[in-house]
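Lettered A, B, C and D in written order, each chain numbered from 1.
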Amino acid sequence: MITLDTAHRVIAAGEAKAKEIGQPMNIAVVDAGTNLQAFIRMDGAWLGSIDIAINKAFTARAFDISTRDLGQNSQPGDQFFGIHVSNHDRVMIFAGGIPLMVQGNVVGAVGVSGGSGVQDQLVAAAAAAVCK
Amino acid sequence: MITLDTAHRVIAAGEAKAKEIGQPMNIAVVDAGTNLQAFIRMDGAWLGSIDIAINKAFTARAFDISTRDLGQNSQPGDQFFGIHVSNHDRVMIFAGGIPLMVQGNVVGAVGVSGGSGVQDQLVAAAAAAVCK
Amino acid sequence: MITLDTAHRVIAAGEAKAKEIGQPMNIAVVDAGTNLQAFIRMDGAWLGSIDIAINKAFTARAFDISTRDLGQNSQPGDQFFGIHVSNHDRVMIFAGGIPLMVQGNVVGAVGVSGGSGVQDQLVAAAAAAVCK
Amino acid sequence: MITLDTAHRVIAAGEAKAKEIGQPMNIAVVDAGTNLQAFIRMDGAWLGSIDIAINKAFTARAFDISTRDLGQNSQPGDQFFGIHVSNHDRVMIFAGGIPLMVQGNVVGAVGVSGGSGVQDQLVAAAAAAVCK
C-alpha cells in the first residue's frame, strides 16, 4: 500500500531530476487502486500536461506496465492499437508513466508530463526509483 | 436470448482457460441488446481491462464480428479506420471480443482482457464455445 | 482486500434475497479501490439499473457510507446537495449501495438496483452481511 | 500569481488543521487560471473526494466565491439553481472551496473534501489563511 509520505518522496525525486535537466514538469502519483494520491505542477510547466501526467500514472497502474512499453504495442497494426480510447480516454500510450514497485508488487504508479518523451521518461524513472 | 445461467457458464469456461494458461483475466458477457449480463475480474487481473473487457463484448455484439476481425479492417487506411472513436469510445478493435452464437443467431457476446492479444482471444474462444 | 471468491459470495447472498422477494436485481461488487470486481444482472432485471448498481457500489466505497445515508445529507438545502454531479455523475444518492466491512475496515462495496429503494436496500444488506 | 511553493504552504496549513480535528482530507490548490497546481490525499481520506476537492477549488476560482456561499444561492428556487451541472459538472455547491487572495486579488483557490461541510470549510479556511 502506498502512503502520502511515499508519494511525497516519489514526487520529490522526480522534481529534483526535472530541475537537474531544467525542464518544469507535472508529476502525479496514484495508488494501487489507480486513485490520485498526490500531484504537483512545477512553476512554468505545461497546463495541458496536468491531465496527461495524472492519466499516465493511471495507465501505468491500470496495466502494470510503463506507458512507453504500452505505446510500443499500441501503434497502428500492433496488438493493442485502439487501446487509447478505452477507459474514457484516460489511457496514455507515450513515455512518462511507470509502475511503482515494492518487493515485486505494484503499489501504484507515477506519471510525468511536461517535456519530450525522453525527458518525461527520465524524470519518471528517477521518481519511481524511490520505491524498490 | 441469453440468460444469466448461460452467462455464468460462458464466464466459467473462460475462467478455466485463463487459469490453464496462467493469466488472470477480466471477462464480460453482454446480451443481444449489448447490455452487460455478467462480469468477473479474476484476482490480479489488470484494472484497466475492466472497461476493455466490457467494451470488447459490446463491440462484438454491436457489429456481430470478433474484435480481432474488426481490428483487421480498422487500421489506418482501412475501410473502417476511425470506428474506434464512435459509440462514445466503446468500440475496441483488438482481439478478445467474440459474438455468442446459438443455432446461427447472435445472442450476445463475450469480451476478455488481461493479457496479450493472443491470450485474450484464446480465452474468449474457449468462453464462446459454450454456446453453439 | 477483497477477492473474486468473496465477491461471488456477496452476490450470491444478494441474489438469494432478490429471489426471496421476487424482484430481479442488478448486483455489483467493487474492491477497496472502487474498481469493479464482479457483476450480475438477473433475468428480467431493468437494463437502466446496470449502470446504477455499479455506481451505487462505487459511491458506497468512495465515501465509506451507504448511499441511503448519503442521500439523506444530499437533498436540497442539505450539506452535500450537489454531490451527485461530482465524480463524472457516478455518485448515486438513493438506497442500495453499502460498504463491505471486514474487521472494521472497508474492503469494497456492493451496489444493488432493480426495485424500489426499500427492496434495493434489503437485497444490498443481505449481500453485505456476508462480510463481517 | 500563485507558485508551487505557495501551494505547498496552503496545503500544509490545511493538512495541519485536518490532523488537529482528526479527519483525513483531500486538499487541492488551483491557480488563477483554475488549473491544478498541487494536490494531496491524506491517508484514509475518501476516494470520492479527490474529484470533489479539485472541483471545489475550480469552482471557488471560477466564480471568485466560496463554494459555501455559492451553494446558498444555488438551491431549488434560488437565482443560481442549476449551476451545478454547468462546466462539465465541475461546479461544487457545498462548503470547502475558498478563493486565495493576495492584496485583494484572487490568485487561485483551495478545495477541501473528506468530512462534513463544517469540517471541510474549517480546513479550507485554515489553508486559505496562508495567503493574505
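Heads up, the rule we're going with is that a contact is a pair of C-beta atoms (placed from the backbone, for glycine too) under 8 Å apart; a residue touches a chain by one contact, two chains touch by 3 or more.
Keep in mind that this is a model prediction, so the values were computed, not measured.
Enquirer: Return the chains common to the contact lists of chain A and chain D.
Expert: C
Enquirer: Write down the chain pair with more C-beta contact pairs when A-C is set against B-C.
Expert: Looking at contacts between chains, B-C has the larger number.
Enquirer: Could you work out which chain's C-alpha centre is the most distant one from the centre of chain C?
Expert: If we average the C-alpha coordinates per chain, A ends up farthest from chain C.
Enquirer: When chain C meets its copy chain D, do both sides use mostly the same residue numbers (more than half shared) or mostly different ones?
Expert: Interface between chain C and chain D is built from largely different residues.
Enquirer: With centres defined as the mean C-alpha position, give me the chain B-chain D separation in Å.
Expert: Centre separation, chain B to chain D: 42 Å.
Enquirer: How many angstrom lie between the centres of chain C and chain D, each centre taken as the mean Cα position?
Expert: Computed value for the inter-centroid distance: 28 Å.
Enquirer: I'd like to verify one number: the distance from the centre of chain A to the centre of chain C, where each centre is the average of its C-alpha atoms, in whole angstrom.
Expert: Using C-alpha averages as centres, the distance is 31 Å.
Enquirer: With chain centres defined as C-alpha means, what is the inter-centre distance between chain B and chain C in Å?
Expert: Their C-alpha centroids are separated by 25 Å.
Enquirer: Mark out which residues of chain B touch at least two other chains, giving numbers and ranges.
Expert: Residue numbers touching two or more other chains: 47.
Enquirer: Among line, ring, star, complete and other, which one matches the pattern of chain touches?
Expert: Basically it's none of the tidy shapes, so other.
Enquirer: When you check every pair of chains, which ones turn out to touch?
Expert: A-B, A-C, A-D, B-C, C-D
Enquirer: If we count contacts the way the header does, which residues on chain D are in touch with chain A in the complex?
Expert: Checking each residue of chain D against chain A gives 3-4, 7, 33, 35-43, 47, 50.
Enquirer: Inside the complex, what are the residues of chain C that reach chain A?
Expert: Result: residues 31-35, 88 of chain C touch chain A.
Enquirer: Going by the contact rule set out above, which residues of chain D touch chain C in the complex?
Expert: 46-49, 51-52, 55, 71, 74-76, 84-85, 89, 91-95, 116-118
Enquirer: Spell out the part of chain C that touches chain D in their complex, as residue ranges.
Expert: Those in contact with chain D are residues 33-34, 58-59, 61-64, 76-77, 79-83, 85-89, 91.
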